[in-house]
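Paired with chain B in one complex and with chain C in the other, chain A is shared by the two complexes that follow.
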Partner chain A sequence: MLRTHCPASRLGINLLHLTPASLSVSQMPVAEGKSVQQTVELLTRKLEMLGAEKQGTFCVDCETYHTAASTLGSQGQTGKLMYVMHNSEYPLSCFALFENGPCLIADTNFDVLMVKLKGFFQSAKASKIETRGTRYQYCDFLVKVGTVTMGPSARGISVEVEYGPCVVASDCWNLLLEFLQSFLGSHTPGAPTVFGNRHDTVYGPADTMVQYMELFNKIRKQQQVPVAGIR
Partner chain B sequence: MEAPPVTMMPVTGGTINMMEYLLQGSVLDHSLESLIHRLRGLCDNMELETFLDHEMVFLLKGQQASPFVLRARRSMDRAGAPWHLRYLGQPEVGDKNRHALVRNCVDIATSENLTDFLMEMGFRMDHEFVAKGHLFRKGIMKIMVYKIYRILVPGNTESIEALSLSYLVELSVVAPAGQDMVSDDMRNFAEQLKPLVHLEKIDPKRLM
Partner chain C sequence: MADVLSVGVNLEAFSQAINAIQALRSSVSRVFDCLKDGMRNKETLEGREKAFIAQFQDNLHSVNRDLNELERLSNLVGKPSENHPLHNSGLLSLDPVQDKTPLYSQLLQAYKWSNKLQYHAGLASGLLNQQSLKRSANQMGVSAKRRPKAQPTTLVLPPQYVDDVISRIDRMFPEMSIHLSRPNGTSAMLLVTLGKVLKVIVVMRSLFIDRTIVKGFSENVYTEDGKLDIWSKSNYQVFQKVTDHATTALLHYQLPQMPDVVVRSFMTWLRSYIKLFQAPCQRCGKFLQDGLPPTWRDFRTLEAFHDTCRQ
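Right, the complex of A and B next:
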């Protein structure tokens, strides 16, 4: 169907991570009258009919930390939320970010450091959120459909689409959009905000994690999916 | 609030506690050549390895008595190398027979925006310096012979001034907690460097 070519872009490899291709993360609303699992099955079936091949699983998780009250007093600033995330696509890395702030890419020893920082940064245990699902490869596209869960409850569906050959987001947004429409139909999202700010810069893993953080925050604020729908 | 002492806990929360074993000494500038010559003979390095690093020490103050210290280090002569973030715990008060200073350490490789990120977390830079010298390896032991330079204008690593007329010599090993025979191997190696340099266990608290 969609045989595509994008002008070959340089893929940079450095010590910590592979520069990924341009990528969009969005939320798929649960279909009317269906459960989260049934909607995920609808999507994956559509992908398989398109000709996509299953290629293992993926997981993206996010833990939220807030500055402990004892630190706030002396700093004179309002508490900030820090997100520590992991992405199975980068198993040796850990991502730490602030909303509208810098995103640090570190190795997994960062998690050990957070344990040492227990007195200064507290994690809200109940706020751990993750998405897990299957990876599908379709030509130059990599699609990941995941079930977003907080604890035992399924709270929504995440859809990630990556276009391999292109590292400059603005060059291939239209192409990504066309592909998204072919299987999401009317639920196709708008351009991610990370694309908007810097038109010609190279896309990186930090941009992906920012998109997931925004998605998780949106889902956290939404009403829970009715209990009957979770099976 | 520091984490509880780790020598008794080789594994905490699923991760292995790593300890840094350290011996330190110094040599005057004019003795540098002989020391380097001896080290070249004893160590594994085929080629002389030098380094030029810029280290910044950050503090996070809370209601606890002692602030949390983190060290951010970047290479000034190796383009593209990741930044290095290091946490060092309090020296373990232990066995007087233990030959080296032992403290919990966590080493993390990070992206270049480390200092911005630490500031966002609430850390503030306490001091910075430039370290320039040589690096040697023998098995798991690392030997560094370097000079510390004071940075005259904050943030400007071009104008630096040597702190003293000597070189700091450090023999260190990073190993999982509980491996005390490491300090015996270090002591044996240190013996071979006498009388050029006397490496000993120096408790930082005694200097303050």
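Right, the complex of A and C next:
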């Protein structure tokens, strides 16, 4: 066999940990022969057995914009991609980020402004990707298990874990890892990059959005791998 | 059933006793009638005396007989209310419908319970008196009163001295910043910020710590009008737990003659929370137990333990 992945295994579980503490993204294969929906159910059942309480729903979406060709310099400069994101945890805000670049936090009116800036930034076709799911509370932990969808199809699962009391991501990574192991078993992620390179800084909403952006990009790239028999 | 029968017997005895009392009263009144009438007219003085004495004797005999009868009956009637340890409430035990109104058994239990409570409270007050938690020197009674000059009460320390002690502690621990304010007269309030982990509000009375509240680094510690919020607790369970432990520490560290040492010990202990999220439990080796990190710090060794793992 050419690929080592079966189709189902391409559905990644992606782990995030979030504000005002920290966040982590990684991937693990879903058990063979299981659909995204079944895996989400498995996860939520484990959480409920742990004693977590349901607390409504959440949604994070992301849209990609290209720099318009007319504004590019003649020196063969490549256009940067800009991502405009929303998070139901911050309903009045809109996040605009470049890969490896700055993150802008604006009011939700920013969406209207993007329409006006059509000459500089053009929306990429069918690029909208989002994750929706249930929010769980367990002690001081906030867990959000969501299904990542692009257009009509489910692409993967996102798991976000937030530990509210701690504001420095690297401080509570071991603690988070232990918590993740309690319901993900051995499929726990490595420490996300946000933890390492920003030692001792206070975690903010932008750090969460960067992790979601990286997660979405990863899932998009997976889709591009030519695979037969996509579910 | 036996209860009902005995009640019936008692009732009969009662009515007989009442009759006996009536008989006794009439025989007694006959005695007095006889005395009142005196000696009736008879031919001879001797005859009169004889008749009077005989009548008087008869009357006294009948009084004696009635009295004996009443005594016999009163034994039959019994004294239920006085025989019972619960006095009149003991009559509740005569209630034939025990199942519907189990008042009597409940009453007995309550009685036993209150007896036990009294006994245990007595023991507890004895023990507590040996280990007083009163922390100030002026409450130590006679010995403090005897030497007022040598041991001034630590409650009247000049604010300047308090400031000095606090600023020395502030300089001692670089990762801990202490902000002192006096919003309500001479009593100081401290806002201690420990790294990027937590904030502690400490309410002082002179150099005694009266109250502490631990909150998260990201939580608001001020009220809407900009004063330190000394009443509301943290939104996070972990800091509520740490607040409880800090209050325990206040009672643990006590040395009424050297209040500055107490404050310094408390702050040293508090500083060990800098690793609140980084230190695993020294007993079970884990980070989490019931969703909480090790929130307890040993008073001597400052090692981290879960609340249930400490000894």
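Annotations for the structure displayed:
Basically, the second predicted complex is superposed on the first by the 192 of 231 C-alpha atoms of A that agree within 3 Å, B and C clash if a C-alpha of one lies under 4 Å from a C-alpha of the other, contacts with A are read in each partner's own complex, and residues count from 1 in each chain.
As a convention for this text, contacts are C-beta pairs under 8 Å (C-beta built on N, C-alpha and C of every residue); 3 or more make two chains touch, one makes a residue touch a chain.
Keep in mind the model is a prediction, meaning the values are calculated, not measured.
Taken together through their common chain A, the two structures put chain B and chain C side by side without a clash.
In the superposed model, A:124 lies in contact with neither chain B nor chain C. When the two structures are aligned on the shared chain, A:168 is found in touch with chain C, with no touch to chain B.
In the overlay built on the shared chain, the residue A:139 is in contact with chain C alone; chain B does not reach it.
Comparing chain C and chain B on the residues of chain A they touch gives the larger count to B. Taking every C-alpha of chain B against every C-alpha of chain C after the fit on chain A, the minimum distance is 16 Å. The intersection of chain A residues touching chain B with those touching chain C, taken from the two complexes, is empty. Within the complex, the chain B residues that touch chain A are 1-3, 12-13, 15, 60-64, 68, 80-82, 85, 87, 89, 106-111, 113-114, 116-117, 120-122. By the touch criterion given at the top, residues 20, 51, 138-141, 163-168, 171-172, 174-175, 178-179, 182, 200, 202 of chain A touch chain C in their complex.
Residue ranges of chain A in contact with chain B, taken from their complex: 14-16, 67-68, 70-71, 73-75, 77, 80, 82, 96, 98, 101-107, 109-113, 115-121, 206. Taken together, the chain C residues at the contact with chain A in this complex read 196-197, 216-218, 235-239, 277-278, 280, 286-288, 290-293.
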